[in-house]
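What follows is chain A paired twice: with chain B in the first complex and chain C in the second.
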Partner chain A sequence: MGLSARARYSRGQFAGQALVLPAVLLVLVGLVLPVGATLSATFGAPGGPLSAYDAFFASGFRRTVLLRTVSVALTVTTIAVVLGFCTAYVVSRAPGWLKSILIIAAVFPLLTGVVVRSFAWLVILGKNGILNDALMGLGLIEQPLSLLYTPGAVVVAMVYLFVPLMILTLVGVLDAIPDELIQASASLGASPMATFTQVILPLAVPGLIVGAVLVFTGSFTAYATPQLLGGEQVMMMGTLMYQQAMVTFDWVSASTIAAIMMVVTLGIVAVMNSAARRLNPMAS
Partner chain B sequence: MPTRLHPALIGVAGLVFVFFVGPLVIVLGAALSDTTYLTFPPQGLSLRWFENIFAIDAFRRTMLTSLQVAFLSTFLALMIGIPAAYAMSRHRVHLPGCLSTLFVLPVLVPELVVGFSLLKNVAFQLHAPIFLSLVIGHTILILPYAIRVVSASLAQFDFSIEEAAISLGSPRLKTFFTVLLPNIRSGIIAAFILAFITSINDVSISIFLTGPGLSTLPIQLLAHMEQFFDPTVASVSVLLMGLTVVVMAVVERTLGLTFLAK
Partner chain C sequence: MGKIAISSALIGLVALASPAEARTLSISWWGFNGEKLEAVVLAPFRAQCGCEIVLETGNNGERLNKLQMRGGMGTDVAYFSDSFSQQGIALGLFQPIDRSKLPNLDGNYDLARDPQGGYGPAYTLGRVGIVYDAAKVEKPITSWNDLWREDLVGGLSLPGITTTAGPMVVIKAGEHAGVDAFEAPDAAFAALAALKPNVVKNYGSGSEMVNLFSTGEIVAAVVQDFTLAQIQAAVPSVTWAALEEGSIATLNTVNIPVGAAEPELAHQFINFILSAEVQQQLAEGGVDAPVATAVALTPEQASLWTYGAELIAGLERVDYGKMNAAKGAWVERWNEVFGM
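So, the complex of A and B:
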């Protein structure tokens, strides 16, 4: 063949690098450069490099939207962590056939689009929706309640959106906990509650953190759910960004919202990643 | 022996699953109702709202666009993702460590930011056709799925089979197509179907890259919901849920659904 081992090796290296090149180019040209341009544009506003951010934080309305988005995302995350953990624990301890059914029941909503899942809550919470019909039928209320376009409606629909994600993340983590560990804890005299809080919970912390990050960033940057169930009354960062970009055509303002979203999302991911590493009892 | 679970815990889990399934059952019921308004339980059974989907021109058109975008971007993501996953899983190839970070960026950067940036800096500044920008956006969105699923099946592949073929004189490229690809076929099918459904369901990237002339099904659904409150949207939702069932069946046959719980 005439090719030395070294030449063959370096040809292999070259081929390997050529194989990843299209993917690298796609992410650079379609994501890194356009998003970078959006971010850098926020510093080029006529009033000085930070004037776009000053304008954002000077507006009481926009500050309210930011605070509301943080509080909705935190509420959703807290509820999703509690419900998701309890459910994932039951799923991971369920017998084989039941476990498969439960996983199917969790995957199904996850693979069903966000529009369909938000629409379901529109049907339930609407003025003539199922909940109001039921409450009036039972004679509990006289007039239909205004349930839509409230923070509560957005929170409920988002919990619905994200709990399956939390469960699937945690089932994998809980399944990885060896049964022997739980049996050892029980045989050493720990009550089931103590085993749960002192053995299982600490081992699940890294999974809880990953799940919580997914839920928080997902709710913080959501668009369809706040748009449908919150509307103008419960504007969130995503809907505000869309409104600035496509209704008022203030692209500097939309870019500023995009930058704030990026900082919050990437900041949370970075902080939680290092927390997950430090809190992992299996590591080190 | 399975550990005993506290009844309250089982109760919570039961309620959570009712909470999962209930709203989707309600949508199904609403779609079958014979009334002109959304209601549950359905009053009279009829399929007329399913017929109405195809009578509304906007739904027909956007469904077609959604399918085109999904097929095209899934195809592109696989064409780009399979070679990348292959190169990364071969341990003798040295690649810069930042690659894995680069390939999770589409997951980390909020979709709304990606969509808006493509609109502002690619479609407007570079005058790229909006359809092309939409396909780029979707390809980027699903590339991490394609790479992750294909990598997972490459991790199961015994590379000594490939080396055996090559040392027996089979050319590298031929080996790739006749030895490697058939062995990771199930992973590729799963990657295709997961990428496809992700593209079909996308809102946050598409919302900026659609308009009166060009729109996708979820965006059209959102617009329809804000104006009308008839069961047509419920019928389209049921169609999309049918697609989910197909996707789940394919994933179960290829990767196994438990793959998604990892």
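So, the complex of A and C:
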């Protein structure tokens, strides 16, 4: 009887492992092996294991690109968090039918591709564009402003790109906060501001972190938007990596850029998680 | 090695899956003008050879990278602009062409027959020069040195260093500084830094540059002439500058990779596209400028192209071997000028 139970347990264990196996293989072949190959390529440069990294950080231009990319991604994340949170709060407090309409309106831009959405900003911010036409029509400027091909243009376009993601992430989290908690906070004498900072915000932190990580990684690794609205003048890590791989055919350099991007992303995500724990000890 | 082995295995599997009797010609090209090329080139050649044709499309860099990863296998005919085909030759990806199998070469301009030392011939040619919006630029542009003019501040676009024409701008910057850019790159890049205030954005593709004109961002650009028709469709007042130093020749070549499965068929195809008949139809259709001397075009048709013996004889040639050898260092320095 005992033997039979062990056999059943063993069969169950085997079945469980067999069910997991396809996913494990997929992750191994689709993620672990390519990432491993990319990383190992960076340590096999002829000048020594770290020579590819030495070369990257010895170049003032590449350091500028790295700092610019981090700076643009953090700026986009900060703006997206503020705009996304405000919008998500309004959406989550709206009555049912209006909430559906607002959510559809918020995610509507996601129905078009990244290139199309970035291209739209060429039409808006160009010298012959809608914004310059409006400013000149109002008599606020005499000559059209050069708004495109600046870090500002890249930030604006990426905020537009990623705010819907932040809103979607936060609406679910804010919806899950019971109204009774807010009413209890008010009945205990908390001002609306105190309720917001001491009840709503801490409970929304997990959603804020998930949204911020999504926006940061999306902006940090973006290619199409910096390419269209920045080009060589506002080069970022994604566009630099493309240049190294596809133009100079320097795959070691391109892999080094990819490895640095991975390390920076993991580092900043760790910092965000740490900040989340401080703001809300219950957050993981 | 691993990538090559996997690619070889995949190619082998594809070959095994194909019916033994059907010969297949694999062509790597850009993918532009697909319908016209199907009508003028692919359909008639299929009928002639009784073979199947498969296409790989993409820009120069992407396709050359793929070919390199496959160790020169998987493609029988490869279309590249001359700077990239020179790069492919340096990487050992192409085989020498047997010119005895290309009788149609005899009817082509000398410039196009053997531009890269025994490798693929050019099937079309063009030029790199300057275009400007005559409605907005008061004084006509007549020299490469005019790019540095003060009235062009904030109104110019250069081809990015990643494009065919980008490194040519470095050569012209050297000439502006009175030096050979290969011998004295510091002076050439100092001249480029002096040009930076005039540059709004460097473009990565022809369509991007056309957009820069149509959105009013630029009034002048260094371009390849095949984009002229598109630019003029968007902004009719844009005109090709008659430069006193002349324009720079660019050639598009066809090569046979070292791992081509059908080299005989590839030679037949190359000979086919160099025929005066095909070249005439492609030129009339607005697809490619002809390299066959027998092609006759009306002045209106010719206005699109680098056409005619006199014009072609006046074009400046670039040493792509030297240029590609310098390109890696130039890309870094270019980035430092325009990307900081």
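Note that in this section the second predicted complex is superposed on the first by the 240 of 284 C-alpha atoms of A that agree within 3 Å, B and C clash if a C-alpha of one lies under 4 Å from a C-alpha of the other, contacts with A are read in each partner's own complex, and residues count from 1 in each chain.
The criterion applied here is as follows: a contact is a pair of C-beta atoms (placed from the backbone, for glycine too) under 8 Å apart; a residue touches a chain by one contact, two chains touch by 3 or more.
Bear in mind the structure is a predicted one, so any value in this text is a computation, not a measurement.
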Fit or clash between chain C and chain B when superposed on chain A: clash
First, second, both or neither for A:L188, with chain B first and chain C second: neither
Winner by number of chain A residues touched, once chain B and chain C are compared: B
Contacts of A:V65 with chain B and chain C, given as first, second, both or neither: second
First (chain B), second (chain C), both or neither touched by A:L140: neither
Chain B versus chain C as contact partner of A:N128, first or second or both or neither: both
Which of chain B and chain C A:T87 touches, first, second, both or neither: first
Which of chain B and chain C A:V247 touches, first, second, both or neither: second
First (chain B), second (chain C), both or neither touched by A:E232: second
Which of chain B and chain C A:P34 touches, first, second, both or neither: first
From 151-159, 205-213 or 295-303, the chain C stretch with C-alpha clashes against chain B: 205-213
Residues of chain A at both interfaces, chain B in one complex, chain C in the other: 37, 122-123, 126, 128, 227-228, 245-246
In the complex with chain C, residue positions of chain A that touch it: 37, 59-61, 64-65, 122-123, 126-129, 144, 146, 148-149, 227-228, 231-235, 240, 243, 245-250
Residue ranges of chain A touching chain B (in the complex, touch as defined): 9, 12-13, 15-17, 19-20, 22-24, 26-28, 30-35, 37-38, 41, 83, 86-87, 89-91, 93, 95, 100, 102-117, 119-124, 126, 128, 130, 160, 163-164, 167-169, 171-172, 175, 182-183, 186, 192-193, 195, 217, 220-224, 227-228, 238, 241-242, 245-246, 251, 254-255, 258, 261-262, 265-266, 269
Chain B - residues contacting chain A, complex: 1-6, 9-10, 12-13, 16-17, 19-21, 23-24, 26-27, 30, 37-40, 79-81, 83-84, 86-88, 90, 92-95, 99, 102-103, 105-106, 108-114, 116-122, 125, 136-137, 139-140, 143, 147, 172, 197, 200-201, 203-204, 207-208, 218, 221-222, 225-226, 229, 233-234, 237, 240-241, 244-245, 247-248, 257-258, 260-262
Residue ranges of chain C touching chain A (in the complex, touch as defined): 2, 61-62, 64-65, 68, 87, 91, 154, 160-162, 199-204, 208, 211, 214-217, 327-328, 331-332, 334-336, 338-340
